[in-house]
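Naming follows writing order (A, B and C), and every chain is counted from residue 1.
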Amino acid sequence: MATLAFIVADGVIYASWLFIVAVGMTLVYGVMRILNVAHGSLYALGAYTAATMVGVWFQRGYAPLGSFALLLVAALLVGVVMGLILELGLLQFLHGRDEVVVVLATYATFLILEDVIQLIWGVEARPAPQPYSLLGTTSVGPLLLNNYDLALIALALLVGGVGWWALTRTIAGKLLLAVIFDREMAEACGINVRRVFLVTFLIGSVLGALGGASTAPMISVSRGLGVDVIVLAFAVVVIGGLGSIPGALLGAAVIGLSRAAAVHLLPQAEVFAIYLIMTLVLIVRPYGLLGHERLRKV
Amino acid sequence: MTGSPVLEVRRLTKLFDQVVAARDIDVTIATEEVVSIIGANGAGKTTFVNLVTGYTHPSGGSIRFRGQELVGLPPREITRLGVCRSFQVPQVFSTMSVLENLMIAHGLSDRGRGAGLSALASRDRVEACAELLSVYRIEAYRDRPAALVPQGVRKLLDIAMATAREATLLFLDEPTSGIATEEKFAVMDIVMAALAERKATVVFIEHDIDIVERYGRRVLAFHEGGILADGPAADVLGDARVREHVTGRRRA
Amino acid sequence: MPARDRTGAALAGAFVVFVAAGFFLPSWAVSLVILSLARGIVALGLVVQFRSGLVSFGQALFFAIGGYAVGLAGLKLRLTDMIVLTVIGVAAATLLGAGLGFLMRRYREIFFAMLSLGFSMLFYGLLVKTETLGSTDGFNVPTPTIFGARLSALATRTLLYDLTVAAAAGAALGIHWYLGTILGRLDTALRDNEVRVEYLGYAPGRVIHVQYVLGAALAGGAGALTAMAVGHIDPSMAYWTTSGELVFVTILSGTGSVLAPFLGSLVFGLLQTYALQYAPSVWQMILGVALLAIILRLPGGLWSALERNRARA
């Protein structure tokens, strides 16, 4: 019974992290049909920037709780700056080209950014554990939960909730949905698709960076961070359905819980389980659990 | 009926949700007949061809080709049995040359298990295809990529590819659409002569009634998914209902 | 046809030159050529798939299968003959490719890419947690022998080099012949108009299946050769970054000729050696910039630049 509690707790925490990371990627794909491999770099940049800022903050002895705001600032900074650079400097020149070619271009960008990160921050790890212990812990039955983890869950729910509300209840959100469903039609109705693209990409980038910034205090911020993250985010997005935000939530939950179950019950299957699920979903429902088939124009 | 039945369609029906695209169609076509299908847009002509050639599956009914049931077979199987078609919008390999397009069609018509691994551009094949190109009068374009030739040439290429195989039953979907009016007869002469020599059975969809009158010995008039009239050209074209729903009233 | 003769003659010439060079090149160069040619063999398979508009982001699966087949055959079956081991690598990969092909043939574009990635990461996940295979560290491959004889290190290396050159030339020749057949030409036809292929009486899925198995066989052989050359195998052979590198080489090379992937792979290998020596911290950046340059400016890869120069000459 205790094991089940551990699995659920671990799973939900991991799922929250995965969701924050992956939701930006699926949003960008849904609107722009771009599978952005460089999303992993945004994550890494967010983590490194946050770690550096937090490090300086605590060195200067400022109020500890302010470091949380720093995490958000780091995410915004990285997301907006990198988002602008990527969209205006590269992606806008690739609109209309084959999807796979665009993926390769984002892969190239990822490679470049990996080295940029290394050049700026070097090869040693940048730990920033201070915020993690600030909030104390909570006891729930056999579990001793760190309140930071709980805050992460809350953040994921917040992102998901705000995202859902914004998409379905605001006009801007409806515009986004229109572009997701049919870009040409949306354009024909007078929607400025270029602007929608830019805004979407910025939001997606900020979310990716937020994933990194919010988890920087709990992980080892070191080389190769982006490489492992991107393929996990990819699995989440594929399972949930490319372009579906509720799908990202479902995908994150599925991966989070299966990984937690594997870690506690069958550790050899940890990595295997994730990709097994992804492959099975692709075989049985290629558009993902919550995605839908795009109608082919004949 | 001139000979044994080649195509027997019984109670063929196709529903797209509430839309009845094919309504209880009954038709028998015999060997070496030349049949013309007419009807307004949306009457179900192309749907009929799509059903027979396997592009869509019927909601009910049967389609027998020389006694064999076609319903449920994929298009490639149906093609291999001897039912070929050309398309309203020519379906060609856009980046390959006109000659190559035809060579692929020719190459795929080879029977035999190892046929796929024979050379594409063997001398025999190049000759045979160059010959076929000149039959259709498009040999001047042989080395041009198919995307870069005039629409009419692409149309003829599409038909030539459909006829590369020794087809028993050939469906031509609007063979003269996209071809200049003054050339329509010339084109149809070529196509029909080539097919008559093969002793093929031909069914063509046409909007141009002059073409229908000249080449179609029998006419099927479609209307709202069903067959309105079926018989010799003169009879069908003179039928009052056909005049009302399909061809329009003739000037006196 | 003149073009075909040129490729055959070029291959024959290259074969002779490379084998001869094997006796004179310093040992680091010999290793570089072996690894580059092996990589080129994998890329050759990717080139064929690319002509149909398909990109596999998981070719590392078969590459790793080839490598691990060699390792296991050496460990469990005590097989060390380099030719036998290469055949085993090819066979194992071909078997898996034939099986998976039934599934892969139904997918196109980005789904094909994603599913191929899925299978390769699945294998990686299996390898990385399997203690008996050394987990993340992998294990060493025993020195290969030839016809039962264990020769000196230098002789073994030279023979492995010759085997690789022969394999590369053979693969190139084989694929060149294949691309001249009806089935081979169907790849471009498929990309242009799948409906037409179906209506001419051929199953489009079969074309993809055949290509997939070819790619698997080539990758498996290359993996076997690489494992023997490096003397060590580990799960990174199956990681997505390996697949990424292979795709990179394919794009870099272009699809214009069966010689292109080998040219591209050698260029890549040289670049990698020099970059890792003089500028290791910007190696990935160089790769990324090169890839972007190709995508934006030279979509036909290096080979198309070569052809343009030749046309101008």
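Operating definition for what follows: a residue touches a chain if its C-beta (ideal position, glycine included) is under 8 Å from a C-beta of that chain, and two chains touch if they have at least 3 such contacts.
Nothing here was measured: the structure is a model prediction, and the numbers come from that model.
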Chain contact graph, described as a line, ring, star, complete graph or other shape: line
Remotest chain, subunit A as reference, centres from CA atoms: B
Centre-most chain [mean C-alpha coordinates]: C
Geometric centre distance via CA averages, subunit C-subunit B, whole Å: 44
Inter-chain centre distance, subunit A versus subunit B - centres from mean C-alpha coordinates, in Å: 53
Centroid spacing, where centroids are CA-atom means, of subunit A and subunit C in whole angstrom: 33
Subunit A residues counted as touching two or more neighbouring chains: none
Two or more partner chains touched - positions in subunit B: none
Shared-contact residues (touching 2 or more other chains) in subunit C: none
Residue ranges of subunit A touching subunit C (in the complex, touch as defined): 35, 90, 93-94, 98-101, 103-105, 107-116, 118-119, 227, 231, 234-235, 238, 267-276, 278-279, 282-283, 286
Complex contact set, residues of subunit B against subunit C: 53, 74-76, 79-80, 84-85, 91-96, 100, 104-105, 107-110, 115-121, 161-162, 164-165
Residue ranges of subunit C in contact with subunit A within the complex: 53, 55, 103, 107, 109-111, 113-115, 117-119, 121-122, 124-126, 128-131, 240-241, 244, 247, 251, 281-285, 287-292, 295-296
Subunit B-touching residues of subunit C, taken from the complex the two chains share: 1, 180-186, 188-189, 191-193, 195-203
